[in-house]
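Lettered A, B and C in written order, each chain numbered from 1.
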């Protein structure tokens, strides 16, 4: 294999593909592969319930939220959930998008408490509202910071004025 | 009397009959918060009623910075995340780019990476050993821990020229081959580490006061740990056998003979013991890897300009502190990543702190924080 | 009071004050050097031979440093507190005998005086903590008060037993010099090892040394009552701490190690201070040795140790000594019998309790060893 080529689909498809399709049902915008990871795209309204269902399903049991990332696609903000199960060798990527004009997705803090700081960070850096999150106060930035430094549109002001005196 | 001490303001009106809670601000400058971490403790006497952690004092915007740097340059940012386990960090990042590009790493480079990373794991755990002793008030452990860590740093300096910020792993291999005499030097080091380990065990592991201070402190149910996304020795101490090297093997870990130690109770003592036993295991891993260290090139076939195709990868590896993940989004054809998200194990482990500390004594707060072994460079990024 | 008297007093105070300070500087240097050796380090080595001037240099630095006073403190008490901590220690040195002929003030109730003055320093700590208007300082001083009150009891009971024992050999059993003279034959360490152990534990707690340095645990409350102090005011706290250690070692040497008694000390009095210094140094080194490897206790464990173990044990010690001494003085066989029975029962109780506690601890430790035996 030379650099630059990559498989669109792994040699063996994920054994949980059918089960995920079953649970996601009508909510799935698409179900495909990115490298060896199974990738599920869903509309933002459905993401919290879907995560809950995926976690509680005994065959999937996605108890471990590996990572929650926010990606700025200029016109849209994408939230990526990397899930894993500790008692099954399964992994899953869930992606959902929110338009830049109305940036919100439902919180998943009720599913995994570990989503807490990841979501606060997303709110901090990208201005994405995680609806239903109990405390979206600044985590990494100081109180009163203006702008969303994670976004592509953010440019560091020449003179940074710090909060307070 | 010039000023009336403002203390009265926070105490209820009749201090003889009413009880007041004391809110105490620990950090960001505090000797036991392991960097610029701040927690606001609400105390009832010596008991902790509640705790609010505050982070972000070391936020340098590494993720955003990475969007403006070449793929090769980003390794230096990873050195500065978890600054006591630099090799382990670099490794996860270069693996992410390699996966995105489909680069094969020559076996010798794999072995070099593994040896250095495992040595770095030992160094990190030795640092934990020393500072944990200090957190509990013992002075000797820090001397033992730092002495042995310094020996490891010496080897690192010989290989990379730097004690900490190595920038040695490259996409597709490592910067250059090992210096002459590396194998005998590491073998001698391993012998020293083994004898130092015995000394460390006698000093702290079997100390009665140490056991009394750590046993039964800071344990929360394993399910809660999972819920918070806690990984690494803290999770394994609670009996959940999740080690990325075993669960999702990368590099040549599958071919090596080692085990991931697990505890039962998930208290501070078990966390400490898991780390100590990991030192033993890492010594064994380095020993095996040295034996089978093959000859050959140390760089794979990599284009001069790194331009991964469009797409996103998530790669993770077992850091001394837990599961370090890198989410790399490439827009294709650019020399810089479109987005880089770092899932720091310390960041996630720290979320569980409030649950662990609640109801414990004030003195336990530093013991529990120490047992999480956080590095603020990675928490704040 | 004539002018000569005043001058004499002034000279004595000057000599004593500077003598104590010099001793303290030496003790600090010795601690740094001894700790370094126990930890495979070199310790101070640049200032003078073997770094012996290091602490003097540190003291000079502290004196030249700016004396920062936070705006929110209660100024009067803030400035008063270091003095209140500092003075009692020097008051103690007034009654400490250096040899059979070298005693500044040989009080008949020297023992009670010492015990009373020892308890005074807590006032300074509490005031310092309160006046600083800092929560860490407040916690530190509260911890200090609690600890001192708890450990005063076993300490005083152990000291009281010494006084009782001394009654058998001297008519001045509560004078420090009298106690030393009473130990001409056998030091009380050999007669009453439990008492010595309790005294040592109590002294460690009173001087807030590891494993009892809870009042200023740096990793928890960042130095306790002294957080807001800087410069020479902080230096005073620091010096007092080591002066306290030296005083405690002095007391231990006098009360339990036979003071200045040693081979040929009666025939050749100049040997006496030498023996005393040797014994004091031995105890100080023992304290340093304890410090190096041991972690710190938690406050509840500290309190449990005092009230569940140290105080009952010191009471047993006192009862046994009292009955034996009483019986021996009356020299009546019935009393001997009664004293014997009380002693045997007390000792048996202590042994059984100790045995049970030891068993439990062993079980607990074994539990931990087995956890990881796999």
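As a convention for this text, a residue touches a chain if its C-beta (ideal position, glycine included) is under 8 Å from a C-beta of that chain, and two chains touch if they have at least 3 such contacts.
Treat the numbers as computed from the prediction; the structure is a model and nothing was measured.
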Report the chain whose mean Cα position is at the greatest distance from that of chain C.
A
Average the C-alpha coordinates of each chain, average all protein C-alpha coordinates together, and give the chain whose average is closest to the overall one.
B
Using mean CA coordinates as chain centres, what's the chain B-chain C distance in Å?
42
Whole-Å separation of chain centres (CA-atom averages), chain A against chain C
61
Where the CA atoms of chain A average out and where those of chain B average out, how many Å apart are those spots?
24
Contacting residues of chain C [partner chain B, same complex]
35, 38-41, 71-76, 130-131, 133, 135-136, 138-139, 210-211, 213-214, 217-222, 291-301, 361, 364-365, 368, 371-372
Residue positions on chain B within touch of chain A in the complex are 55-56, 59, 61, 63-64, 67, 99-104, 224, 226-230, 240, 242, 247-248, 301-303, 309, 311-314, 316, 323, 325, 327, 329, 338-339, 341, 343, 347-348, 350-351, 380-381
Per the touch rule, the chain A residues reaching chain B in their complex are 1-6, 34-35, 37, 63-67, 69-72, 80, 82, 86, 89, 93, 112-114, 116-117, 125, 138-142, 149-150, 152, 154
The residues of chain B that touch chain C in their complex are 1-7, 22-25, 30-32, 43, 46, 133-140, 143, 147, 203-204, 207-213, 215, 263-265, 269-270, 273, 277, 361-366
